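Here come two complexes built around chain A, the first alongside chain B, the second alongside chain C.
Our next item is the complex of A and B:
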């Protein structure tokens, strides 16, 4: 009796999570008339693909999605590459400097990000990076790095120090212990951080709006907003179609690395 | 609004910090004979409107190979955030599409070029003075300037379900003999039957609509003493507010559940016969044409009349950035872009009213189809919205007027309480701008 109820609860949760996506799909396939019906339906009565056609012909959806992908992949990888050694150091070496660093990371989280724009903009200008994808990547890394550092630091702490000591006793050097023992156990944390950084960058709008001026370098959020007008009036059909497509890379990215996330969680010597 | 204010502060700081260390990108002004490249930030977003914009830009580029215009599509939702940073970074688009309420602040900070004396005489005379008034602002140094060319305006009309009007024996008025507010209220009563309300007032953002309509009874909401503006809510300002409130709670001819809706949200209920009439901006006709179920008949009813049919108007505008390296070429492009033929195309694409008198007489603007004749005729009632000239209006609107009017229309406070808040709290806000 308990098992079916658990499945029912799980099903309910999945429907809850999938609801926005399914509604987006349903809207993207409806005509303007059907979208304006007082009694909306899940299944479009007369499904059409014109919203997808409009989205693709009117805006550079593919190009901007590719640019978003480049920025999101680059910024998530860079974030992890920079955050991982720092997080390891912060978790393992409890010096005063580390305590100050941890405090600084926390304090940086309470700054309104609008304030970060000032120094970032100055740096980007002096490096001639305004209106470039590398410029936006730098901004996104700066934006996600503190939280990524905090996340990874927690994961590093969860790996018992004794494992490294045991490896040292067995003759492994520091690097070998890190690569062979610690790294596999940190995989789920790295994957989760990658996902966080990827999604933050993929969805980010305000920095992109400020940094990227030309349509040739616009990322997907900047392109999607072109279907919205004044006073909250939007072109719902093409917007839903384009937004639906915008979710695909995130889903694909998650699908590719979720196995790593799961297997990492199940692996390791910390069990039992 | 909060983001915009923060961005203004942030961008000002950027400018201050970079002033001493910038590379002195003062602009080379273009070498003689070399082609010039202009960036045009357009906010057109409807399919037809974007197509019309691109077509005109293409036409210009073919005819003017020495002045190439690059079309950049922005968004109304965040254009002012984008512009503030661009202005302060010294890298704004050369030609900027925006609306007149935004220009006042930009003009006083010196971001925009004063176009006085730069607009060709034929374009200047083709646009009525009332429209030019919407783009004439202080320059922040005690002078006045013209900071854009106004080209599209909107008026408030009423979109009505023709079958329900016919059924109730209500005839459609002409622009020459519009309904008075009293007649409108009586007709709303006639149309309220069973599940149908006579009218829906979507007032999620009530301020501009209330202020623009208040002019029907001479309500201006602001009075100025020299450069100092204060809020006033007297009998003239209260009239329209009270009448809408009465429809909601006394006559019960307006659906209170529509109050929290945005402009286009009541349309599904309108198509389903839940509301017989929908006071709305002229551009909403496009949504009706695109979305209404087949066989749905609708009409456009001219603006209502109080002591006059005057309505407050703002304009969509094209401006030249003060930092543009090519101000003369940018002005030349604007003059072409907004000639009467092009204005008719743009107005049609956006379902708005052209400011050009010649464009307004274009057959496409006067046809009875989709209520264009009524919409175009309503332009004669537009006068400059008094709030356009008030420094601090944006903050008054977001911090004071929006919550006060929302509470009043939701019947949570009385009109006296709303008026007191608008004046007392409002004047505190304006005081900071009056210094």
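Our next item is the complex of A and C:
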């Protein structure tokens, strides 16, 4: 008796989780005539891929995707470059800064964005960085840094200190030990952090909305939202297609780090 | 995590008092500096300045003069009907999403913890909302809720639950519940993953002992699983509450706060005050007010949980 009920509940969850996704896919495959027919069906009557082509030509999807890419690459690389020395220091030396850094990660969760975004907007305005991609990059770096720092120092910790010391005993210099011994072991962690920072930036909407007022510099999330402004049912197909394309990077990221997220990172984060 | 902390503590404590210490301090500072400077300039500094702005009449203009006005913004806030409406909606949203999402996620986590078929598949499926950009989630649900071209109306009419098309996101009484459902869908992965990790940490022996003593499944859940999960539950529901009350992007994409302000969460209200009307000071006041509410709610909630434990 118990098993069937459990399977029924599981089925319920699967339906709830999957149906919006299937509908997005279905919409992306429909012709504009079918969208306009106003009798929606799950299975497209004449599935087409033209919406994906249209997504590239309508609006400035390609341009804004490129801008998103530039910001995401720049901010993820910068984040890791800035965070790596600090993460190393946090993991290897016990200091007050560790506690402050973790405290800041928590505090930054509690404070609503509005308290930071207004002064930040004023700072960027005085530096003439409003409506520029470097301006948005700076914002993304600052807001990914604390968590990236936390991730990275966990990875540094997992590299045994003894390895470094052994290398030093064998006569390798400090820098040499770091480059030859620590760096290769740290590489997967660095890649994971890079990906995390990349996705945070790629998906980010709110700061982009405030910093990039000019449509000519809009990033992908901004352009997608604008897509719906001049609605009209016939345009929903390309919108769905573009949304699917915009999701690919983050889906790929999650596919890669799925295992890690499930086991370590979050469990550790919650238990402290 | 605790293990590694113990291990690194050893040598560091041993080094204390040696002449190398000041050199190490300098090195720490040097290594921390590249990360510290941007965080100080672009987030700690602005945060402090933002709190200060709450006590000023700052406007958005580049050359507008700002003066200190003390608590008058807070006075305005308390008599502002729009604020109270938005605050009420924010609380309804945050509490319902947090509670319903917790119940749904706990159910899912319990199922995923059983040895069921399709478990791996559901697990991956349950992660998908987490992987999606919030903007895409908002757009996707707009397609689902679309009054004419959406699947929800035609499905509900197909099974005879509805007899006319409902404009889910533009109906005064339905918009907020409709948005809450999206909130639950969006936040379920994190909560489920955390609860599942917690469930897997409940010692198997406890359940076996309960089994031997003849406790029913239900009883074992109430007196073994739940108490064991308590710290995890308190942590994740607190975080969910904070995230939800500060929610912006998802609802902005879904409804922009409409219809008639029915889904205007506090942060949407603050955003409009700041970047549509240019009242920087007033919007900052709103932010401070929300911080106070959040800290009070969390203080009461966590305090009570701790007392019940002891």
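One rule holds in what follows: the second predicted complex is superposed on the first by the 174 of 272 C-alpha atoms of A that agree within 3 Å, B and C clash if a C-alpha of one lies under 4 Å from a C-alpha of the other, contacts with A are read in each partner's own complex, and residues count from 1 in each chain.
Just so it is clear, contacts are C-beta pairs under 8 Å (C-beta built on N, C-alpha and C of every residue); 3 or more make two chains touch, one makes a residue touch a chain.
Every value quoted in this text rests on a predicted model; they were computed, and no experiment measured them.
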Partner chain(s) touched by A:225 [first = chain B, second = chain C, both, neither]: both
Which of chain B and chain C A:54 touches, first, second, both or neither: first
Comparing the two partners chain B and chain C, which touches a greater set of residues in chain A: C
Which superposed partner A:139 touches (first chain B, second chain C, both, neither): second
Touching partner for A:112 - first (chain B), second (chain C), both, neither: both
Partner chain(s) touched by A:19 [first = chain B, second = chain C, both, neither]: second
Which of chain B and chain C A:130 touches, first, second, both or neither: first
Touched partner set for A:32, first chain B, second chain C, both or neither: first
Touched partner set for A:157, first chain B, second chain C, both or neither: second
Chain B and chain C contact sites that coincide on chain A, given as residue numbers: 35, 38, 112, 114-115, 117-118, 122, 125, 206, 209-210, 225, 227-228, 233
Parts of chain A lying in touch with chain B, wherever the complex brings them together: 32-33, 35-38, 54, 58, 112, 114-115, 117-118, 121-122, 125-126, 130, 206, 209-210, 213-215, 225-233, 235
For the chain A and chain C complex, residues of the former touching the latter: 2-3, 6-7, 9-10, 13-14, 16-21, 23-24, 26-27, 35, 38-42, 81-83, 85-86, 88-95, 97, 104, 108-120, 122-123, 125, 138-139, 141-143, 145-146, 149, 157-158, 161, 202-203, 205-206, 209-210, 221, 224-225, 227-228, 233, 236, 239-240, 243, 246-247, 250-251, 253-254, 258, 261-263, 266-268, 270-272
Chain C residues touching chain A - in the complex, by the definition given at the top: 1, 4, 8-9, 11-13, 24-25, 27-28, 30-32, 34-36, 38-39, 41-47, 49-51, 53-54, 58, 62, 104, 107-108, 111, 114, 116-118, 122-136, 138-144, 146, 148-151, 153-154, 185, 188, 190, 193-194, 196-198, 201, 217, 231-232, 235-236, 239, 242-243, 245-246, 248-249, 252-253, 266-267, 270-271, 274-275, 280, 283-284, 286-288, 290-291, 294-295
Residues on chain B engaged by chain A in the complex (per definition of touch): 3, 6-7, 10, 13-14, 17-18, 21-22, 45-47, 50, 72-73, 75-78, 81-82, 85-86, 89, 91, 204-205, 262-264, 267-269, 271-272, 274, 287, 290-294
